[in-house]
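Each of the next two complexes has chain A plus one other chain: chain B in the first, chain C in the second.
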Partner chain A sequence: MVPRFLLGTLATTAAGIAITILIPMVADAFEVMQYTLYVVLGIYTLSLAYIWGLGGILCFGQGAFFGLGGYTFAIAAINMNETTVPFLMAIFIAATVAAALGYFMFYGRLSDVYLGVVTLVFTLIIWKLINSTAGPEYMIGTARLGGFNGIPSVPPLNVPGDPSRMFDPVEVFYIAAFFLIATYLLLKFIQATRFGRLSVAVKENEVRASLLGYDVRMIKLLVFTIGGAIAGLGGALYAAYQSFIDPNAFSLEMSAKVLIWVMAGGVGTFVGPLLACFGLQALSIWISTVPWANSLLVLGGILCFVVLLLPKGLLPGLADLSTWLMARARRRTPPEVILPAPEGKRA
Partner chain B sequence: MDYGLVVLIEVLRAIAGLVLISIGLAIIFGMMRIVNIAHGEFLMLGGYTVVLSAKAGINTWVAMLVLAPLVVGLVGVAIERCFIRFLYGRMLDTLLATWGLSLFIVGFVTVVFGNTLEGVSVSVGSFEIGRFRVAGYSLFIILVGAVLLAATVAVLRFTRLGLIARGTMQNPNMAAALGLSPPRIYMVTFGIGAALTGLAGGVLAPITGVVPTMGIAFIAQAFITVITGGAAIVAGTGSASTLLGSVSQLTTFATTPVIGDVALLFIAVVLLRILPQGITGRFFRRSL
Partner chain C sequence: MKPLLETRNLVMRFGGVTAVNEVDFLLEEGELRCLIGPNGAGKSTFFKCLTGQYIPTAGEILFRGKPITGLNSHDIARLGVGIKTQVPNVFNGLSVQENIWVSARRGRTPRMTARIVEEAMARVGIADLAARAVGELAHGQRQLVELAIVLAAEPALILLDEPAAGMTHEETERLAAIIREINRTQALIVVEHDMQFVRMIARKVTVFHQGAVLVEDDVEAVMRDARVRDVYLGKRVAA
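Moving on to the complex of A and B:
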């Protein structure tokens, strides 16, 4: 079992590295920047895929930590004229806020549904708060918060320790891809550790885990905090690559999108949500070019469809379908040898 | 003195506003255990019903108090038949499905009516308290909120329908054994919850204006109120609205509306840390 587990991870990593090297070779600089968006959103997707898939925590406001990461990076980078410390701060702040909110939720023993609602409300409140900071009096250091206009001209990433040497867009793509693959490997590693198995145990049966003597609240809090940190990392890269951040990071759509990706890709896997993220993001970018369609309409439709008809998600759903087809084929084979069915009926 | 009276009226209006936006959710979420994220969109549809009726020349009061609940109630029944009935007992799935529904309705209304702010005007005038001027519409909202709470208590406690609904939510199999049809009762209850929400959307439309995305402004407060209220529908909604409405409105008077919202969330989160079952999980336990 262990070699196979490793094999899948290694194969995915190899594929990821190959694609990372390939894309800048075939695409021009503008297209590479667009692909950077996909990579950044991929990191964001992994954060929810982790806390929901391995921790069983259904967070409806993952956008809050993504946005906090982005805003922290933007504000700190403008103040410091340097990006290495802001980058770490973004991760730290997102993790701290996740820990604080998680403390109230998990130590209050809120149930799944209440937890979802509280995280949702949390994001909405931040969204309102940030939107109302349009006036010039809302400054943090030298950075204007800008309300619904967002913060423009966020400094691009620079080489650690040398603020004068900035990374160009292709290098930023490599950096983002590096962080995506590193996050994937980190999460795979966590999954294999004792802590990872404990979090799965908590997800499967909270009461049993606590009766066996584990502190369920602590485990969930840790999982949630790690998820917040990863979302903050994604947010910082998001603000850095487009040198801009606005309150839409806290919007309902941002939190809904990631949920749909994870759900469509399959809760409990990492590659599924990533593929769903890339595919559906490409779809919604394409939809925005169609005049009569509306991305919310389509996103909402997909979500309803997946919940009603594909409750396990795409990858597990396909796996189920193939086992079912195989079992069916196996059962069918003997009669077919004796009495072949007409061609038309088999299709 | 006069100022105190004005503050009191505004606090009462905030409380009544919370009652209005959350009473329908208390029935759908508190009673039926369906996490209806599309609640805000029900409010929005109620608002649009009033705006469109006003444009068609229908009396605003009729549109508000009759048409809005009727239309949204029917939409609710349709949604229950098409989506919700497959998801009873799967709480998290109802949450995801209604979220999809919420996005879908927002997208749909945006495509049909455009992303513009529509207004509707009512003429109730205003009156003066000393040096201050108070909108008569505030009193109307307080009145509607109080009537809604009283009516919900009356229906749940004193009518056969209320008894049947409460019994079915507690034990659908027993209700079925007694010859009732739980699916039909679920459908009607969901429709009534939606209708109350439509009424609230219609009544609030003149002060908030109507946009496709207006639901987002209410959904947070509605859920926080119902969760903070806890299991009992009327007592929970009433007590949570009173507490949260007073806190947020008084904070708003002292600072800004946004800080008022933050105060509301903060109080609610701290309260849930102390009383995870909501207010009625500890107090007023035997009430409705």
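Moving on to the complex of A and C:
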């Protein structure tokens, strides 16, 4: 028999594959490119859903690793005229920087509040730095950093080993979707391993974990590094699909919205944050077409709504709601039997 | 033979408060010791120094002759010191079985782990709670779960900080039996306020008062000691 948690994972994967095949059938190439954005942001969302949900690490600057992935890919691809090595470099650099920052935070025994502040300040510093590189003197090899203008003409993904054969937008969509599903499966796998279960234990109670002989700092560092690598992967695909990257990847908004998606979808789950990411991203794109509305304001409003009404997030909240409704439906008949008999009929 | 645990001149200060004051403590292999003392005597702080949760202000801690002063909690735990803390430290969101699994899994194969988890639950008598989330259990049951967590790591020295708190009478009696049974293979230090409970399990008792060792003797002698009565009744102790 297939265990229940495996069944859910398989069902989600099947749904993901079905949607991936379906979208290019019903949408034209331009629309498919827009869907690629959702897929890329989905990978980014999973990176935070993992470190927060399974590791208890509340990172306020996850955009730093997304942006580092994007910039590394862009700069390396322009220099190398090829994208396979830059793609791997993007993941590697994001992971390395996450490891270095994580080492400083976890081995320095920073409390959770300071961790939030440090990660936020970290991404904002990079944002400031990159913004100030508009002048022509800021070059890395043949790539101009471009400051607030960003880096245009990032080479599109090519077939590994054959730089002359580039993937078209629909193929890039497939590639991104493949990496989203692969990331999801990887995280589900990690969740089931010894390391994954230990990281959840650390999230539940650090003191207890260390009193049992586990080096909490190391477990958190590893979780944070994996999260950085995944965000870097998302960033690389982001720069590749739109042939462009700019400092907004490092902005407060980029880091804040992923927090909102994960929180709204439910910390501790993967599918919930993904659905929240897709839904809320679609909502903000739609709102940006409405002249009098502001997408950040609406997102903030939704956040308040979620915190107040569904404190565990969308998916766990809906699960709670359905068990509550079911319990109510079951209770409906018995209470009438228990009601006291009318006075007159008492013996 | 070397003692299992030894502290020399151990001091822990918080600002102006001296919570542990020049404590020289000796515990032999296989010993069962009760540690008593009024509220604020420094018992829990002493335990936290032993397990690396606090770095002592001064003094030395030796475990099997090896200095462990100022080591990380996880390093001390790996040497074989387990603790049930005063405020239960458990994984509230996980099931009873998962809680014990985390403890049993370190350094063991999955098969050995599964066996040890079963054994620990049976020993403490919580097998029927295996699938329950620890967060929703009563305080006394959570204490038993934490005891099973500590047992599953199979430490050579087990520290129990008020393990009977919040337990029903039957649970307390079962706990006393469990502690005696554990003591056949492992050494323990048990902090407890309930004198009847102390009588059920102890031979030698150490009394803390204002961070220092006031008396150390066998249980009956300690019960008769006038100074011990005085500190428990809140009287001043003549120096």
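Going forward, the second predicted complex is superposed on the first by the 332 of 347 C-alpha atoms of A that agree within 3 Å, B and C clash if a C-alpha of one lies under 4 Å from a C-alpha of the other, contacts with A are read in each partner's own complex, and residues count from 1 in each chain.
Keep this in mind: contacts are C-beta pairs under 8 Å (C-beta built on N, C-alpha and C of every residue); 3 or more make two chains touch, one makes a residue touch a chain.
Treat the numbers as computed from the prediction; the structure is a model and nothing was measured.
Residue contacts after overlaying the shared chain place A:208 against chain C, while chain B stays out of touching range.
More residues of chain A are touched by B (comparison of chain B with chain C). Once the two complexes are overlaid on the shared chain, A:216 sits against chain C while remaining clear of chain B. After overlaying the two complexes on the shared chain, residue contacts for A:197 are found with chain C alone; chain B is out of touch. According to the touch criterion, chain A has no shared surface contacted by chain B in one complex and chain C in the other.
Residue ranges on chain A touching chain C, taken from their complex, read 194, 197-198, 200-201, 204-205, 207-216.
Those residues of chain B that touch chain A in the shared complex are 35, 37, 83, 86-87, 91-93, 95-97, 99-108, 110-111, 216, 219-220, 223-224, 227, 256, 258, 261-262, 265, 268-270, 272-274, 276.
By the touch criterion stated above, chain C contacts chain A in their complex at residues 51, 53, 72-74, 77-78, 82-83, 85, 89-94, 98, 101-103, 105-106, 149, 153.
Those residues of chain A whose C-beta lies close enough to touch chain B in the complex are 58, 60, 101, 104, 107-110, 112-114, 116-118, 120-122, 124-125, 128-129, 132, 252-253, 256, 259-260, 263, 292-308, 311.
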